[in-house]
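Shared between the two complexes below is chain A, which pairs with chain B and chain C, respectively.
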Partner chain A sequence: MSKPLFIKLLLLVIVFAVVPFALEGLGKGYYYQIATLAFVFMLLAASLHLVTGVAGLLHLGHASLYGVGAYVAALLGSKYGIGFTYGLPLAGIGAAFVAFLVALPTMRLMSIYFAVATLGIGQMLFLVFQNWVDVTNGPNGVMLFDGIDLFGYAINSELGIYYVVAVVAAVSILILNRLSHSYYGNALRSLREDDQCTAAMGINVTVMKIQAFVISAFFAGIAGALWAYTTGYISPNDFNFSQSILILTMVVVGGLGSLPGVLIGALLLILLPEVLRYFGDIRNIIVGLLMFGAILFLPKGLFGEVNALNFARRILGSAWSEDNSEKGIGWK
Partner chain B sequence: MKLSRRTLLALTVASVMLPAASQAADSIKIGYQLPLTGNTAQYGQDFKDAAEIALAKFNASGQIPVPVEIIYEDSRSDAKEGVTIARKFVDDKEIVGVLGDFTSTVSMAAAQVYKRSGMVQLSQTASHPDFAKISEWQFRNITTQNQEGGVNAKWMIDQGIKKVAVIAEQTDWGQSVVKGFVDPFKEMGGEVVYTEFFNRGLADFRSIITKIEEQKPEAIYTGFFYEDGAQFLKQVAQLNAGIPVYSTSAAYNDKLIELAGAAAEGLKLTATFLPTRADANVTEFVTEWKKTHDNAPGQFPAQAYDAVNIMLAAVVKAYPDVTRQSLRDAVAATKDFPGVTGNTSFDENGEPLKELTKATVKDGVFVEVK
Partner chain C sequence: MFDPYILQQLAIGVSLGMIYALMAIGFTLIFGVLNVVNFAHGEVYTIGAFAGLMAITAFAPPLLVVLFIALAAGAFAGFGLERLAFRPFRRFSDEASLKSRAMREATLMSSLAMSIIAREAMELIFGSQFQSIDLAYLINKPIEIGPITIVNGDLIILAITLIMLGGLQWLLKKSPIGMSIRAVSNNALGAKYCGINTDRTIIFTFIIGSGMGALAGILVGLYYGAIFPAMGFTPGIKAFVAMVMGGLSSIPGAVVSAMILGLAESISTSFMPSVWSDMVAYAFLLATLIFFPQGLFGARRERV
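Presenting the complex of A and B:
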């Protein structure tokens, strides 16, 4: 058996046998909740990985697309009686559609301008959730009374819900993995390294960016539906800017361009605050210090392909460059 | 610092060597989820301080032979964490009831867990109109805007005010402020000439105030907290609008006067807690609070203090058979509980019925209006 195959099998055994067995043995809803949350955020981080890690686009509004998915699933479920079976793919499609619309005018932007545009998209969608009261219920949020219902079978047990979330997340992450390690993924990587060179080689950069952005939004939408169905209540604050930053941090800590790294980054940032609960009020400071240390001593993240500091310097610095005129340096 | 569950676990292990530590097993446990860190930590820390005062007093009183213990968990006002904590509390068979959370968002997300598992949840502040309706397990100790709006509407009508402009922050609570006031006010024959929502933290209210002035209302009814309130009142004064402003108990905070200065003069509002009120409970709470704080307690810690006391009174009522079900029934049966925020009863939905005090700002202090 080849080594990669062995690792994959081992992971499958862990996710679908060891972890559920351990969770059943512990019999605590608390651990199930953390496991579910970890899957949702691993999927979110993996979907952002495609845009930020592989294609090298600094995306600051990912949580809002996650929110679109959650809202689509919750509103379809609570207002139109469309359950999980169809709600899940529709949440993905809804998020992808919104992403497509906002991508059209913004994807021609480069580097820091792109980052600012996605920041704007995130803020805009958040304000839509917050202020479009007739549809989204505004700040009152949406309550979803139905549980997960798969092709007519109601899934109520903790173990059942775990398996649904784990399967959906695992399949999505597998697809994202195939995408990022394919010919297509390499084209995205070339975009990250040098977009002008990529364009010169005949690759349509704008189309590639839109595709990556939309695919990533689709999976963020799926994650949103999982969150809506496992919590039963969503409101705009669940999808604000700080959540976008949290997801971005997972990608950076894990390592730009490495999917296993990103997944471990997500696990770390979900589990660490829980493990550190023992320390009381200073637990967030500890998490912050660890992240600071990570970026200082592991600028490539845990398994990254790219140095995050150099990446940031390139993205943020490209608008600021040396200028040989009298002024010396200045904005382009 | 109070014991968390993990420390307790560690203590249980340690109790093999230290017999004294095993006493904790006999106590009755209540969970309290609240933001001890993050953006809203200042509120959570106040709740914790108020709860500690109430608990220390209760355990010293010896009303029941075993001590009650409160286990605090930090939710950071994040729904993810709130739900996780709720699952954690539900898992712990010794925890019989829960207090919190602070924001409606987190309280409502956590409420889904308490509803499924059957655990009484009493929030000191969750103001979402649907919170108490989620199930028979949810209660709150904050007056709803249906109640405050009605009192304010009647107050204005009594003063001969018929034309009013209404503004409120764009939150679940702000929505309920507008609805709770506009419906009864119209019923009493009043007219609402202008309604607007603003996003929290708005720095410039001038355009809103100008639009309000165009409509020539006789008063402005407002739903804001003290930060926005101070900003709004200052700009009303700057623009010399000269329109009386009415508000809710959320604006009741000494910091409002501190920030708005003379502009706060004449503000009218309904409140449930006045630290200056001549009442033995209020005096006791304020004295205890001032031992560790520079200022008198505001409305929120007072609500937390009462919420904890209501829960503790319910524990006494249910004792010795304190289960999640019996505690829930005891909380539901709360009637005319004499707290620092007035006498409290719960209606069949778990909504509190309280007496409201009318107050106004005069010479830089809140005073009761008779």
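Presenting the complex of A and C:
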């Protein structure tokens, strides 16, 4: 068995057999909550990775797009009776639509101005969640009583919900992985490094940025729907600026531009506060210190981009070397 | 002639604008010399408010002394911030890395990390609720002028801001340190070759900018009677908006934009519920970024 295949199988076994087995063994709802929280944030971090890590756009309002997805799913579910099956993709499409509207005017802005524009938009969406009481129910949040209902089969057990969340998150992360390690991803990386040069090479920079932003928002919306369905209650404070910063921290600590690193970062930042629960309130300070330390001492992150690309090259390279067509694909 | 209600709102708007102007100056000065945004500026504002509050509860000094204590605390916070979050990322001083995006974004995120640490530490120490302030210090005693009622805080804020703005103009135009600040913000490398100590200049810039931010913090705290650890976030964003509107490195532009922002915000409360008034600032931000990328006052700047 080749090594890359072994790694893939190992990950699949861990996610779909070892973790659920351990969770059943521990047998408390609390551990299931942490596991689903970890999946939601891994998906969020992976979607931010496409915009901030690969395309190099510092995005400070990601949590608000996640919030759009969560509100779409929760409102469709509680007011119109549209269940999980259609609510999940609709949440993604809703978030992507908002992101598209947002992207049209802001995508011509450069680094810091883009960051500030996304911060402003994030705050505007947060104000809408909080103050448009007729629709979003304001600071009281939205309750979602329906459980997960997949094509007519109601899934009620904690283990079943875990599997639904894990499958949705794994498939989404797989898609993001293939996007960021493809010619498309390479084009995004090139516009991160030098957008004028990229434009001179004949790549439409603005369209690429809008696409990356919208795709990332779609997956953030999916994560929002998962969050709304697993917790059953959402409120505006789940989607405020500090959540955006938390997601950004995961990406920075893990390594800008490195998908495995970002997933490690997300796991670390979700699990560490739970481990440190006994320290009480200082856990948020630890998040800040971790971010500062990562920028200062590990500027490339826990699992840097170069390592991640080598890793991807080993995995994808074995498939490419088997491809004997004349055209030839991938790295030599 | 005018509706008294509008006049009343105008008076409040002037005070708000003055506060934003005090903060926006700090942003503008720091952006001028370093070409980076200091995301921890809002926390300096909070630190100023808390330093003043601690002075009041500890030994109840006169108001002027409280303001000086806040100013000193802000200056000290600015010094520490520069050392911790900005200095370590200035290891490379050639022109390419001074302008590189990676460097700028590293300092952006390190200042963001510092602001999280400072805010969470303050929440841990003081709790996240509103702090109680000695009522004698609140600057909201009403004064009636003709048909409208203003509070003495409006006058105090106006006077202090005018003094600070005048002092800043003198400092930047006449004093050696001010001239070196202007030189560094014009061309950091050139200033260095002319024998200006850029590190010292940067530290002084942080001290001056953060001192003014902290002063704004204690003034707002006493004006509204609300001091809490997360208070710096919204004014920080609005001051940033004012800086962007003013054209990034222009101090008069930032002050005028801050006044526009304050007035727009207070007038807007007569047309819509006050919870939506924050929306005005964000709308201004987006409109400026999209339609006037050079800033309303067209200062020089790189492409956006």
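In this text, the second predicted complex is superposed on the first by the 293 of 332 C-alpha atoms of A that agree within 3 Å, B and C clash if a C-alpha of one lies under 4 Å from a C-alpha of the other, contacts with A are read in each partner's own complex, and residues count from 1 in each chain.
In this text, a contact is a pair of C-beta atoms (placed from the backbone, for glycine too) under 8 Å apart; a residue touches a chain by one contact, two chains touch by 3 or more.
All values reported here derive from a predicted model rather than from experimental measurement.
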{"item": "Contacts of A:G29 with chain B and chain C, given as first, second, both or neither", "value": "first"}
{"item": "When both partners are placed on the shared chain, which of chain B and chain C touches more of chain A", "value": "C"}
{"item": "Partner chain(s) touched by A:I245 [first = chain B, second = chain C, both, neither]", "value": "second"}
{"item": "First (chain B), second (chain C), both or neither touched by A:I295", "value": "second"}
{"item": "Which superposed partner A:A115 touches (first chain B, second chain C, both, neither)", "value": "second"}
{"item": "Contacts of A:N284 with chain B and chain C, given as first, second, both or neither", "value": "both"}
{"item": "First, second, both or neither for A:N131, with chain B first and chain C second", "value": "both"}
{"item": "Contacts of A:E274 with chain B and chain C, given as first, second, both or neither", "value": "first"}
{"item": "First (chain B), second (chain C), both or neither touched by A:P139", "value": "first"}
{"item": "First, second, both or neither for A:T231, with chain B first and chain C second", "value": "first"}
{"item": "Residues on chain A lying within both footprints (that of chain B and that of chain C)", "value": "127, 130-131, 281, 284"}
{"item": "Residues of chain A defined as touching chain B within the complex", "value": "28-30, 32-34, 37, 127, 130-131, 133, 138-141, 143, 231-235, 237-238, 273-274, 277-278, 280-281, 283-284"}
{"item": "Touching residues on chain C, where the partner in the complex is chain A", "value": "37, 85, 88, 101, 104-106, 108-110, 112-114, 116-117, 120-121, 123-124, 233, 237, 240-241, 244, 273, 275-276, 278-279, 282-283, 285-286, 289-290, 293, 303-304"}
{"item": "Touching residues on chain B, where the partner in the complex is chain A", "value": "1, 4, 6-7, 36-38, 73-74, 76, 79-81, 83-84, 87-88, 90-91, 103-105, 108-109, 111-113, 117, 128-130, 134, 170-175, 197, 199"}
{"item": "Complex contact set, residues of chain A against chain C", "value": "56, 58, 105-106, 108-113, 115-117, 119-121, 123-124, 127, 130-131, 241-242, 245, 248-249, 252, 281-282, 284-285, 287-289, 291-292, 295-296, 299"}
